[in-house]
Amino acid sequence: MNPVLAIVAPFLAAFTIPLFFVFRKKWVGTAVILFGVLSALTALFVAAGGEAVTVMGGWQPEVGIALVVDSLTTAFLILASLGFSASLSAAAETFGYGPWRFYVLFFLSWAATNGIILTGDLFNLFVFFEIFSVAAYLVVAYPPRSWQAIEAGFKYLIFGTVGALFLLIGIAYAFMATGQLNMAILARVLPRAPEATLSVVIGCLVVGLFIKSGTVPGHFWLPDAHSSAQTPVSALLSGVFVKVSLYALIRLAFLLFGSADDRVFFVLLLFGTVTLCLGHLMAFQQEDIKRLLAYSTVAQVGTIVIAIGCASSGGVTAAVYHAFNHMAAKMGLFLVSGVLAEDRASRDIAQMGGLFRHRPLFVLAFCLFAASIAGIPPLNGFMSKWFLLVAAAERGALIPAAAVVAGTVLSAAYYLRPITAFFGPAETEPPHHRPHPVTGAIVALLALLCLVLALAPYIGPLKEGLLAVGRDTVNGARYIERVLR
Amino acid sequence: MTDPISTTLTALAAVMTVPAALYGWNAARSRLYRLLPWLFLLFAWQAITAPNWLVFVVFLELSSLTLFFFVLSKDRETAFLYLYSQLAGGACLLLGTALAARGGALPAVGAVPPGLFPLFVIGLGFKAALPGLHFWLPPTHSKAPAEASALLSGYAVKMGVFGLMRLVEAPSPALMAAGVVMAALGALQAPLQRDAKRLLAYSTLSQLGFIVASVATGTEEGRKAALLLIVAHALAKGLLFLTAGSLEEAYDTRDLGRLGPAARDYPLLFGLFLVASLSLAGLPFTVGGLAKGAVKAALADHALTQAVLSAAGMGTTMALAKMASFGFLSSGQRKGTGRPRPLPPLAWLSMALFAAALVMASFAALKTAGAEVATKNVLVDSLLLIGAVILFVRLPRIFRPDRTTPDVADLLAPAGRMLTIPLSRLRRLHSGHLTFYLALFFGATLVVLYLLRP
Amino acid sequence: MRVHRNLQRLGALGLSLALGWWLWQGVTISPFQGITGPAARYIHGTARDTGAANVVAAILFDYRGFDTLGEASVIYTTVCGVALLFAKRRYRRSSHGLSFIVKRGMALLVPFILLYASSIIVMGHLSPGGGFQGGAVMATVTVLFCVIYGSSFEAARVSPKVKETIESSGALLFTAIGLIGLVTGGAFLTNSAAGFPRGMMGHLVSGGTIPLLNIAVGMKVGAGLSTLFYSMVKILEDPTESSPPEV
Amino acid sequence: MSDLFFGLSTVFMVAGLFFAFASVVGVIRFPDVYTRLHASTKALSGGAMMILAGTAFRAAAAGHWPAMVKTLLIAAFLLATNPLASHAIARACYRHGIVPKGTVIDEYAEKIRGDRS
């Protein structure tokens, strides 16, 4: 299947939903669901189709825009389609189909996400980042019921724009130095650029992606945006959007920054460690459950950045594996905490008493996800952290590795706070009780996904796939050869 | 990995868990707790028979986690203290394992590269309560439910020691020093406590000191002696914690200053207490006495260590004498706790099981050790025992249960306060001022560019 | 306090200068060695490859047409989002517009403006201009309507739904052309290789898909910017509701 | 013929430049909105018209007729829009409450009052 269809399918959805609204209002809901299924299936088919390269317009990669499918792309396509499908179902239950424009934005961001993952062209990457970011700013602020959400969206907008600016400067410098935009060609010619230019290119790209992914120092928007957004949106932000930027970081780090390897990866290790520590320490101090989860996301982003900074195939494997684990667990956590916070009409942890008796299954799922994120042994979070630790040890990065294990202790500490609150006594009975069948089903599926991921190192194909991602990604020459063949 | 050590410890785990599970069967709490001892048993077995350090750490953490939930049912703060300390130890071990796995294969449970030895010792030190890292032990043991204390003191800390046993293959003076300090510290602290279970906790610390010192010799003999003492201590301490728990159940207090003449109300309980404490104190021909003898024999080359351990043994005896005297024998001090509550039959059954195990272990040990070894030090041991009791009787002032003693754990609160300062700084950094954020960001961008300079 | 603020400003100045210096460090001014890479291909090969007279249009809509789809989608996203956030049913209060003279004068000019916009769009492949520019001019008309005739005038004549339809149809047209290229030419957005008429260079019908894509983008941008403007006008018109209540 | 057109175009352009310059001076020197508008509109209309007319003649001199027609069209559009804009600005200013400086008789105010009553 042609890779472009993974981008076109959600685009078609976004362009068609308004027409449905104008001409057949009743069918909007059905259309949203069908397009969701279609987009997910297309992406999965593209992922299943194996390695492929296609150039838009039938040109050579040099003049046209290439789309590339390799194992890293495959992994992230699967991650994105899982995350988007889960979030779409939750959103359909939470919002209904009245705000159809929300779904337009949703599909646009889906298309942009797939575009970022598939594209092999630096400027095209930037364009898709723009669609994706604009959609993200807007869905964060939706619905504009409180100043808090609008402020969060605004903050995200400012920071995101600064990040986009840095990305653009970096791309412009790269183009200025080489006259090329295709990533495979750039990987060949960029190292020949003057050192000073190269350092600016790398610096700008890295800093831009730091903002987009929420790594310190560009993390300031993240806690606000993730905690003020509506539940399905928060889940999407944490589960997929952050990962996509990290995907770009992985791709660019191993493809373009070749000649400055050590310095780049040192920067990644350094800032990853700072991010991890800061995220954990801030999460430790939160009273608001969604802010806690948001800061925990910051910490996990730090973990993944450390994994990338290990600069080895093991590190990339750990990063991808951890991205999957974090997607499954954090989406689940956001969905569950959304339901529980709605029951209590408050996001304050202190007021979450007695929810175990109120919604035992949701709370148990919360415990599972929290244990997974914190890295309690047999669960998936532990497995990926172990992969990461080994990669870090091989790299000789002792301090990041120590930070990761110390972070495990801290995260167990702050996740236990809401959990003990749930199991604790209730001052009053929760006033609301709305059934959440769809959210419940998604949470159950995510929990199942967590368990499957926990077994991934023991399931042959999955393990092979993960290892292949690491191997292929680190091997930049292979990518170049495949694109320019 | 199967060898005498893991086989013995596997069996010991079962012997410890069954009475503990029985004891807590009817406690007033969620029924899920009935599952916990068995979970603990499962994880402990896995840890003991682990093929490599990773599996060992994983199951060690899981067993700590089950005990954490036990403690959580009674006291939240202590539970968290316990969990953090255990997780910190686990984290060290995990890091060490990752570093040891650098070459490719997972490191088998055994000796590690010399550079990583301290990291592993620290990690296991959290579990085995090496001095300085023992801050969690007294509060946790005293505030946990009795059966959890029995498992904690009887088995959980021993898993850390088990790790040390595998780790230490050559004599390690540092570890021996740690063991001696532990034994002395526990022996000094135990007789001065007023909380019955805290007293037992310090006595555990002291006994662990014996075991660690014996392990630190790095010889096969030392390991065997340590194993014997582990068994002796586990059974005796399990029974002791259960009796202390029964006292608390009956009189609603663990304060030795307020406990009354329990020997009058529950003569049988006192009998069980005596069985356990005599073995623990090292009465000749009991398993405890034999084990201590074996430890001292293993430490034959280390005279100073031997001397300190003998003194520490007297401390243990004095502590147990104090518990017997104030907990079971003294009269008229009890204030308003009303009539004692009857103990459930399951509690009796579990304690009886422990006592039976203890007696059987004594016979078995006697049989394997032979009469010659058993009678070797009878005179000295008896003299030490009697001397300790005499000391206790002659110095009533020191042992009166009316004060508490300072410990490392007291440093935790000020340390926590110190820690809040950087935390609140960090919080103030996230003030919400967009311009400030941007300034920080651009500053960091400069740092990145600087680091990437050609 | 003022000292503090001045210090802050000084710090900001220092940061900007330092950052600017670093960026300046990276600027390489290499001696001109002729145009190489894709740029050379664009300059020398456009006429042969695409048959469009306007190289920029050829780059935008053929070589890098996929980027253009993305860029048009950025506008589409913005429009949709602003409409989502500022969703109000209708105008609470409309101005009466300007004086009779202006209204009448405007009425005479509007057809010409529309003609101009259309020419920019349709001749995008021949002369400077194209879908984005023409669409923006087109949207200007609706902005002028709002200023001159009052904000409810335009909505009464061109319903938002029509604009929605135009915008979405433009986007769909773009995608459909791309898909036709995929089906018949083997790759998304294939131009003449997919059988689109190549035409004579310099004529109105030339450049294959480029004029069609220009029209699609023009529809998307024109209707989109207009919707954007009116969504914001709705918020401005109603100061009481512009501040959302705290939840 | 072409020489005549060329000369005419020069004359028109010079005259146009003079008017444009005058309008600039007026915009700077005049005291309030209305008088400045007066300067900019009238003088600029005149100036721009003349320059465009000059351009048209020059195109005619070169025999480039389409260019001449285009130029004249531009002139026509300028003639239509510039007064409209000035009118709208002046009216808006008045409605906004800006009173012309030194006016004695304000007929517009009287008309508005008349309309209201």
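A, B, C and D are the chain letters, set down in written order, and residue numbers restart from 1 in every chain.
Please note the rule applied: a residue touches a chain if its C-beta (ideal position, glycine included) is under 8 Å from a C-beta of that chain, and two chains touch if they have at least 3 such contacts.
Being a predicted model, the structure only gives us computed values, none of them experimental.
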- Going by CA means, which chain is nearest the middle of everything shown? A
- CA centroid of chain A to CA centroid of chain D, Å: 59
- Find the geometric centre of each of chain A and chain C from their Cα atoms only, then give the gap between the two centres in Å, rounded to an integer. 30
- Whole-Å distance, C-alpha centre of chain A to that of chain B, is 44
- Task: Between chain B and chain D, tell me the centre distance in angstrom, where each centre is the average of that chain's C-alpha atoms.
- Result: 98
- Query: At which residue positions does chain D touch at least two other chains?
  - Reply: none
- Contacts with two or more other chains, residues of chain A listed in rising order: 196, 199-200, 203
- Residues of chain B touching at least two other chains: 443, 445, 449
- Query: Hey, how would you classify the chain contact layout here, line, ring, star, complete or other?
  - Reply: other
- Would you pull the chain D residues touching chain C in the complex into a rising list? 77, 80-81, 83-84, 87-88, 91-92
- Which residues, counting only chain A, touch chain B once they are in their complex? 155, 158-159, 162, 166, 195-196, 198-200, 202-203, 206-207, 210-211, 216-218, 220, 223-224, 260, 263-264, 266-267, 270-271, 278, 281-282, 284-285, 376-378, 382, 386, 389-390, 392-394, 398, 401-402, 405-406, 408-409, 412-413, 416, 420
- Give every residue of chain C touching chain D within the complex, in rising order. 98-99, 101-102, 105-106, 108-109, 112, 148
- Across the complex, what residues on chain A touch chain C? 2, 4, 8, 11-12, 14-16, 18-19, 21-22, 54-59, 62-65, 99, 101-102, 104-105, 108, 111-112, 115, 123-124, 127-128, 130-131, 134-135, 137-139, 141-142, 144-148, 150, 169, 173, 176-181, 193-194, 196-197, 199-201, 203
- Where on chain C is chain B touching in the complex? 11-12, 15-16, 18-19, 22
